[in-house]
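Below are two complexes that have chain A in common, paired first with chain B and then with chain C.
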Partner chain A sequence: MKNILAVSGIVIKELYRRKDFYVLFILTVLLCLVMASVNIFNDKNIIRYLKEICLLLVWIASLVIAITTTARQIPAERENRTLFPLLAKPLTRSQLLLGKFLGCWLACGLALLCFYLFFGLLASSREHYWPLVNYFQAAALHWVMLGVVIALTLFGSLVFTAPSSNATICFVVVGGILLLGRHLNKVALPLPEPRRSLLYSLYYAIPHFELFDVRDLIIHNWPPIAWRVCGLASLYALAYTAVFLIAACMIFRRRALN
Partner chain B sequence: MKQTNLAESAEPVIEIRDLCVTYRGRGRGQSDRLAVNNLKLTVQRGEVFGFLGPNGAGKTTTMNVLLGFVNSSSGEAFMFGANVREPIARQRIGYLPELTYYYKFLTAEELLRFYARIFGIPRPEAERRIDAVLKLVELETVRKRPIKTYSKGMQQRVGLAQALINDPDLLVLDEPTSGLDPIGRMKVREIIQRLKNEGKTVFFSSHELGEVETVCDRVAILHQGQLKVEGRVADLARQHQCNLEQLFLKVIGYN
Partner chain C sequence: MNANPYRLPGLLLIALFVLCFGLAAHLDLWFQAWQGNRSQSANPMGVLLGDSRRMFANHFFVKADAYFHSGYYPSVFDNREAFRTPHMAEDTGTVGGHNQGDELGFLGPPRDWIDAFSRQFFPSIHTHLDEGGARGKAAPSGDLGESSGVREILPWLRLSAELDPNSVQTYTVTAYWLRQRMGKVAEAEQFLREGLRENPGSYEILYELGRIFAENHNDPARACNLWELALRNWQKLESAKSDPDKFLLMQIVSHLATLEEKQGNYRQALVYMQLWKEHSPEPARIQQRIEELRQKLQPPSVGKAEPRLKAGT
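And now, the complex of A and B:
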């Protein structure tokens, strides 16, 4: 475990010493602040539109951070040849991979904390109301979803050689699932066999990221989700994360490094 | 007790048995390439062992097998009695790769602290060793600067520092003086000599035959994946009536 934590510490250090996170955070802050300064038609409910757009920006920024940070981990280690002195230590490849996953996930968690904190301050400055439980659930489910995305990207980094290809494919897959995944079963219904079965199989096989998208909870100030449901969703995410990580470990263990 | 000590000291630090490594041909028309062919080698405790050969002889492949980067096609290799496929085989070794690149966003101190943590060295002991190795490689004054600001020579010295952080019993060096100026090479030779005096084992590959002749106890010359010659430097010179460079050229068929 200490090896995994050591590797994850390096990943977190890398994130906050690279400029990517700060650029995305500042961009998001600037966009949100500009929008917050606008008061269209003196509509008191304008805050809902502001929250919706801000949360969309937070989601986009978090996916960019998660995928771009993870996509370059193993390829950069190989390209920069830092992998060799590292694996010449008593560190297994699985430990390295798990350390990279944990580091990326924790780093994204820290980034999410900054984003949601900023968003909460911005929203509460207009609403004078801060439903902490809602924010916590939304952030927690968002973070858990990012775990699946990171595990998927890490798996992709061992399948696709170039980080750019991996990142692009992951963006397309994650975006596709978020936007279209929930509708696959409806699309499948009128289709003839075997296409219907194929589409249904795809529908049940893919990780349904939209289950973790509870932005409406914050936007419309709905009552919090039952904790049991949050727990089940987390287990669902954990299962997919485990599948992707196990597959990644199996590929990495067999890969020649020279 | 004495017999056990004798048995422990008799056990080789590196043992390679009938090692074969084949690289599969990629693409059409490319046949498999036998990089290492039935290599048998032992390195005893306290030796400085030179692993020589022209480019493409199989030296780096052999090292990659020892370090677990590449799996052998057949045969086995052991370090300190442990199969090289087990991570525990690497607990007591230090490795300096030929091309030294480390995390550029880290300082030398942070890098060494990270590696010390992987070796499981307790924090107070790790700090003491970090101070000692940075002093040894003369990087004390720049220990808090990011590695991306270092010159090539300084990066090579960071490499040496990370190879020594766990006070290894076996040091594996891949072309340790490659790219170094004469002062840097002298310092590396001094470190190798110092380690030898401390009873450590050093296993290194090099093209600098003059240096190898000076520091090594035994050498092995590899050519086209096969072990051609092995023995003590003085014995080989006497036996073949020539110096190491001439022997090297003779063995690889360049005469």
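And now, the complex of A and C:
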């Protein structure tokens, strides 16, 4: 565990030394402030459109940070030839991979904390109340989902040769599931066999990222989700994270490093 | 003698700069006169998107309706029969509804465990913002409770109007919610006038403008003038069509008839009621009102003006 934490510490330092997060955060803040300055029929209490735009930017920024940071971890170590000295230390390949995962996940968690803090401040500036439980649930579910995305990207970085192709494929897969994952069963039902069974199997097999997207509940001030449901969703995400990490470890153990 | 290595590139740069300056000065004259010059438009959306912006206008109009339902809205994969006409537009009384089916349960029973589980993570209960929205803070009457929440649909309606200034429905729907539920009469009137500038002679906008004068400004004379103009424009634009907008015709003539009756102009009211009866799905009910009005006319009404407008003119 000590080794894993040491590797993850390096990854977190790398994130705050890089400019990606700062650029995305400042861009989000600027865009939201510009949108907040728009006068809509002289009504200063209109907020939901602003919450929607802000949360959309937070989701895009978090996915960009998670995928681009993770996709370059292993290829960069290989290119800079720092992978060999790292593995020469008492550090197994699985520990290295788990350290990278934990580092990226924690770094994304820190980024999310800043983003949701800004979102909370922006929303409360017009709504004048803090639905803290709702915000906590939204941020926590978002973070748990990013865990699956990071594990998937880490797995992809061992399957695909270039970080750019891995990042592109991960963006397409994650974006596709977020947009269409919920509706695959409806599309499958009227199809003839065997296409119906194939599509339904895909529906059950993919990690349903859209479960963790509770933006509509936050935007429209719906009551909080039951904690039991949140817990089950987290278990679902952790199971998929474990699947991708185990697969990545298995590939990395057999992979020739040079 | 050492030649300056920067001399030739420097001269080339100056020559290119002079060429660019000359070309820009020459082309600017042509560009300013060119019909396709977008920079003449004062609308930034028009400059950015051109005519393609109209494609997105309906998307944002529907988004406003999704906000009206606090996010509970069918996707393209769901049964949209109950949402063909946006509910926020139907509630204004300026649009005829074409909705069928169950608006409360378009999701249907869960198809599988993922479907059932996922319904905890998005709005899956039918609510209206003017009845309290997601928190359900409805007034005891069931209407107008927490109606200030309706303001949240306005940004998308405004954006929709910016994208397609010729979509008349956007102006009438926005104006209704502004004046009726938020008390912003001045803003509603200004927005309708903007709409009228973009769509001169629109009978829908004239009708809605008339409602502002009748219901908010308490100025029946101007309301009557606006509705009469709306009726004339309707007859000019719609009467020749195979499927005319009868819904709005009935709205205009029914309001005109009621207004004239209130003003004591019974003969004029009768003319509008006849027109109303011709197009109404319930002619018997209108006939009853006509009979009541005729009874009022039994004693000769001295000094009443001849009808200004005859049915069918």
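Convention: the second predicted complex is superposed on the first by the 255 of 258 C-alpha atoms of A that agree within 3 Å, B and C clash if a C-alpha of one lies under 4 Å from a C-alpha of the other, contacts with A are read in each partner's own complex, and residues count from 1 in each chain.
By our rule, contacts are C-beta pairs under 8 Å (C-beta built on N, C-alpha and C of every residue); 3 or more make two chains touch, one makes a residue touch a chain.
Note that the structure is predicted; figures quoted are calculated from it, not measured.
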(request) Compare chain B and chain C by how many residues of chain A each one touches, and report the one with more. (result) C
(message) Which partner chains sit in contact with A:80 here, chain B, chain C, both or neither? Use first/second/both/neither.
(response) first
(request) Pick one for A:186: touches chain B only (first), chain C only (second), both, or neither. (result) second
(request) Scan A:45 for contacts with chain B and chain C and give back first, second, both or neither. (result) second
(request) Quick one: classify A:89 as touching chain B (first), chain C (second), both or neither. (result) first
(message) In the overlaid three-chain picture, which partner chain does A:18 touch, first (chain B) or second (chain C), both, or neither?
(response) first
(request) Based on the superposed arrangement, let me know which partner A:142 touches: chain B (first), chain C (second), both, or neither? (result) neither
(request) Would you sort A:213 into first (chain B), second (chain C), both or neither based on which partner it touches? (result) second
(message) Applying the document's contact rule, which stretches of chain A touch chain C when the two form their complex?
(response) 38, 40-43, 45-49, 141, 182-183, 185-187, 189, 203-204, 208, 210-214, 216-217, 219-223, 225-226, 229, 232-233
(message) Quick check on the complex: what are the chain B residues that touch chain A?
(response) 60-61, 64, 67-71, 87-88, 90-91, 93, 95-97, 99-106, 110, 114-115, 117-120, 159, 162-163, 172
(message) Please output the residues of chain C touching chain A within their complex, sorted ascending.
(response) 67, 70-71, 75, 77-78, 111-112, 114-115, 117-118, 120-123, 133-135, 148, 151-152, 154-156, 158, 178, 182, 184, 187, 191
(request) Show which residues of chain A lie in contact with chain B when the two form their complex. (result) 2-3, 6, 9-10, 13-14, 17-18, 80-82, 84-92, 256-258
